[in-house]
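Presented below is the structure to which this report refers.
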């Protein structure tokens, strides 16, 4: 597929049309250059049409685009059913771009020699490219060969990434892995004529041997540079690019209608999560901040982080709010979920509710109690997903350490997490339970409770899940993408200022002083949570003096100054301490949580709709 | 957008069904295209090498490793059954002997005088793939498997545990809203596919398990009961590999809930017929629901195909609420307000008004109902 | 009153005896004898000690500068009741005395005393008695030029006896019981499923990383178990770590090489590695030729290991055991080939080299705790925890003792001094549960003299 990317002059782009073909809905947005800046002006939505009876993704795309056209009063689709490009004064767009996760997105299997080393790098490459990693096969994954073969057969990946060995390193282990995969003959999801694409990104000296193994029908072996040429360095670029290429050439081409869609787009179609990762990286780079993004779905939770220019993405496959809700309760334990619920619930009944939500994933909570329970589950799902992310986003393993005698008592192992909540500047939430919460306060509270940010952190949510569109746009016009991201994509909830340490309950945790659009000063006691109203466009400087042993960014007890901005919620001052701990005892825990919810006014009392109250309940 | 959610569960009196039967690793396919097979026939088989099980006898008998060899009751190369004595110490004057029984079945492969370790190699694991449904072999892929096709009556459940099995259908309940209790399970149900009505109790499942029933199918199940049956809390709805000796399928959901009348009637019609059952469930992309397949001896000529539960929402339609607070209750649509409504939870959603048989009315989000057929 | 009467009688008796003897043997019995000779079986011993105490002779004083002392010391004599007669010293006069006594005309020249002390001292510990024997002691003052005093004989004979309990060390028993109790408590706690948290030891956590690196690079893993024999505890600890390394190597299917400097270490290492491979279900991957003996010679061995390093370029090197001068030679060589190195030793002199040259180093205690850490066995973890408590007690005593001693010196309060004495002589020493009254009295006396000195007064009250 030849994309005219090089011919695009970013300055000529005045009207940009972008779609994201999700598994159920296709969302289109229109970005226009208005009064010297790029703004998202209109949006449209239509059901995705990959499945029968339409079996052509372009139908859904055109429906959503037509909806925008009507709203914008601009003709975007011509009579032949084509998107009009380039734009004139009244019709068409300058560029059309798209992402796709239809049909379950890009599903991959990766393999490497050692699970924590080359296999982990391979997984990072696959996740970074926006795929779902179905399984990681490694020589030391504890499974016997026939179990591994069985697993490979059961999975139906779109492609397989094999790594292993440093350049000049092990050859036989890599070939052994290849010899497991070849006879297992993994079946692709689409059609039998499809040749399973295999990307080999391992020891360059093993290339011939690996080629010999896959030298039979049904495989399409592609060789790229080793993604771990030495253990000290990762080189994920070539493998990532190859994954994108194959995604377009093989996977997308198999899906109905995509061939046509690819002709329309002015930049390569990207897998949705890959595009989300790209926009977050772009924003982090342009603004010089550290960002964590989360997208909680029904089955999975994606966590993206950019710390000091290092991007990581994890997909927690079994943490989600519908298909996986039961697993969240099992993994986090019901007791941990219930600690966020400030009233008693019958556990037996709850368990049935949870399982019914699992087998009927599209139902929505009707009562306030059901909503509170669902949000309690969400807290645990996010907490676990973030924990998994921290464990995965590490420095490289298997690297030689340089020591001096001074390190005698402070030897650190390789593979430490690079996620540092204190350094986090922006936390972006998306996904149903977060972005469609009835009150923004709930979203903010969920984020703070689950991610436990430290120091000064901005909270935002993706208003209409626009990040994928902007991710593709970033590959064409980063500045435009960043402008729209800042102005239209994010809905700022506000800023939270959170103390790290164990403050004494009731005693001063930190003193604060605000100046700017909001002037206020006071102190926060240990265990206290306070909301200060700051509007959407309010900016202020906060100066915080923590008590002894309490850290807000400059070390325990040290004064901190920083900028805060308001939002739909405001400024949240959190003196509960980190790590966040709740009383063990049920009644005390309920009281504490109720106190927190009250101080942030998370659930308003007066929105009770009497007609939905069950009779006799 | 007046479309209600249905899980898309298929319940039909007739359909042509194809079923892929595949080996986990390369092996021999025993059938060829055109063969008629019954559910129990082996269509393909292969063998996996046995497992290696090391047993440290030196530690277990508190003997120096070199003395272990002399204490062996089974020598290298001899087969041994599980719990069969493997070695015995000499004891003191023939008393206080310590006997070690094998925890594994297999062949004594080596006895090491250096470490006192005995290795028992399990038997090669034969892997057999059966036809699962009676029908005709329509295609064969060499060394891999084949496809079987048949005319069947078909029912999908919403959730199940346990794998493939088959047996004659035996109806245990008189009506679709009768709770399945242990007294309804009788000894003559050995090997049968038991059809229940509403909720199955764990006691009933355990009884069915003990009499050796093949499967039990009913309307609902308590999650607590599922947990005590499995021995663990099920996290992800990917099932089918449990080793329970019985396959359990629920057609409607968790809790006290009756099987849909139409489903119950269809299964009752086939009382005594052979049925193939698979509890494997996977709720995700590539949804897999548990199924009951009843091969038909003669194809009904005029029977309508594919009448799955779907249709337009309209006033007067019967529906079931599938979320608390009215979970499982059946009622009639009495109004379809067009405007979104603010729910008790504070969120806005499109709703409908439902009238329950008791005369009580309720407002329910459209996402929380499913249409049912009379 | 009886006592003095009796003493006088004895003195007269001795004076007479001495007078008569002095003529027969050229010995001057001119000094006045010590008095109140008392003997006591030494407490808390195995029956081999007897205390002899007396009051100083009247001559035990310094005269003036020119003439010096007339009394230089005391000689101690004893009689044994073995036969009911005779001193055990040589050339003793035969007597027919059937009871335990010293003859009236004692031969000071012919009989060697069993011990002597210098002037000013009034007690003697006879450490050369036999359990169960009865002895009679006598003390005579000695002066320059064979001058003696008459023998002062103890009133009563003494029998040396053994005590089953050394009550002086009761504190020792208590501390031991406490630590054992804590250890047993923790073992039981761990066995019942209690969680004992052990601080992560980076060096052991990194084993899988190091072996993984070797696997990825297709290079072997080198394990050096030190240069001492298997009877050295460090070698044993090293073999424990080897078991874990071998287990990981078996899982990862990495090549493991173990050159040894002792044949017995080689045998042990082979068995350890083989069982580790068996345990992982990889008996086929075990090759005993990879665990071999080089030489007993320290530098021959070092050169051999270096050769392996340079030729095979292992990607991970472990040094676990006792090391001497070869430590840095090995670590630097392996560093030059880019290997991950993990060292563990209890040799304080070699630790700095390992810390500087290796990626990870297990230091002393960490190294010994490795087996508990790696096995996760409740018994070992429990005892590790218990031992830690013991160490905390010891460290606590050390700190408290230091603080009290400092206070006692700088401030000099009675309480601090007695507390210091208590820790030093009772808890750590052999004075039993209650402070020794004499030592307390000494402190009191010292304090008194201190407090009265400024006033220029002396004497006692």
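Some notes on this structure:
Here the chain labels run A, B and C in written order, and each chain numbers its own residues starting at 1.
Rule of thumb we're sticking to: a contact is a pair of C-beta atoms (placed from the backbone, for glycine too) under 8 Å apart; a residue touches a chain by one contact, two chains touch by 3 or more.
Since the model is a prediction, treat every value here as computed from it, not as a measurement.
Taking the mean of C-alpha positions as each chain's centre, the chain lying farthest from the centre of subunit C is B. Here B-C and A-B are compared, and the pair linked by more C-beta contacts is A-B. At the centre of the protein atoms shown, by the Cα-centroid criterion, sits A.
Between subunit A and subunit C, the centres computed from C-alpha atoms are 64 Å apart.
Taking the mean of the C-alpha atoms as each chain's centre, subunit B and subunit C sit 70 Å apart.
Centroids built from CA atoms put subunit B at 34 Å from subunit A.
By the touch criterion stated above, subunit B contacts subunit A in their complex at residues 5, 7, 22, 24-26, 48-49, 51, 144, 158-159, 222-224, 226-227, 233-237, 253-255, 283-286, 322-327, 341-349, 360, 362-365, 367-368, 370.
By the touch criterion given at the top, residues 113-114, 116-118, 139-140, 142, 164-166, 168-173, 203, 228, 231, 397-398, 400-401, 403-405, 407-409, 411-415 of subunit A touch subunit C in their complex.
Within the complex, the subunit B residues that touch subunit C are 52, 54, 56, 110, 112, 114-115, 117, 119. Looking at the complex, you find that subunit C touches subunit B at residues 270-271, 274-275, 278-279, 281, 283.
For subunit A in complex with subunit B, the residues that touch the partner chain are 23, 103-104, 144, 146, 149-150, 153, 156, 183-185, 189, 299, 318, 323-324, 326-327, 329-331, 348-349, 351-368, 370-371, 436-439, 603-604, 607-609, 611-615, 617.
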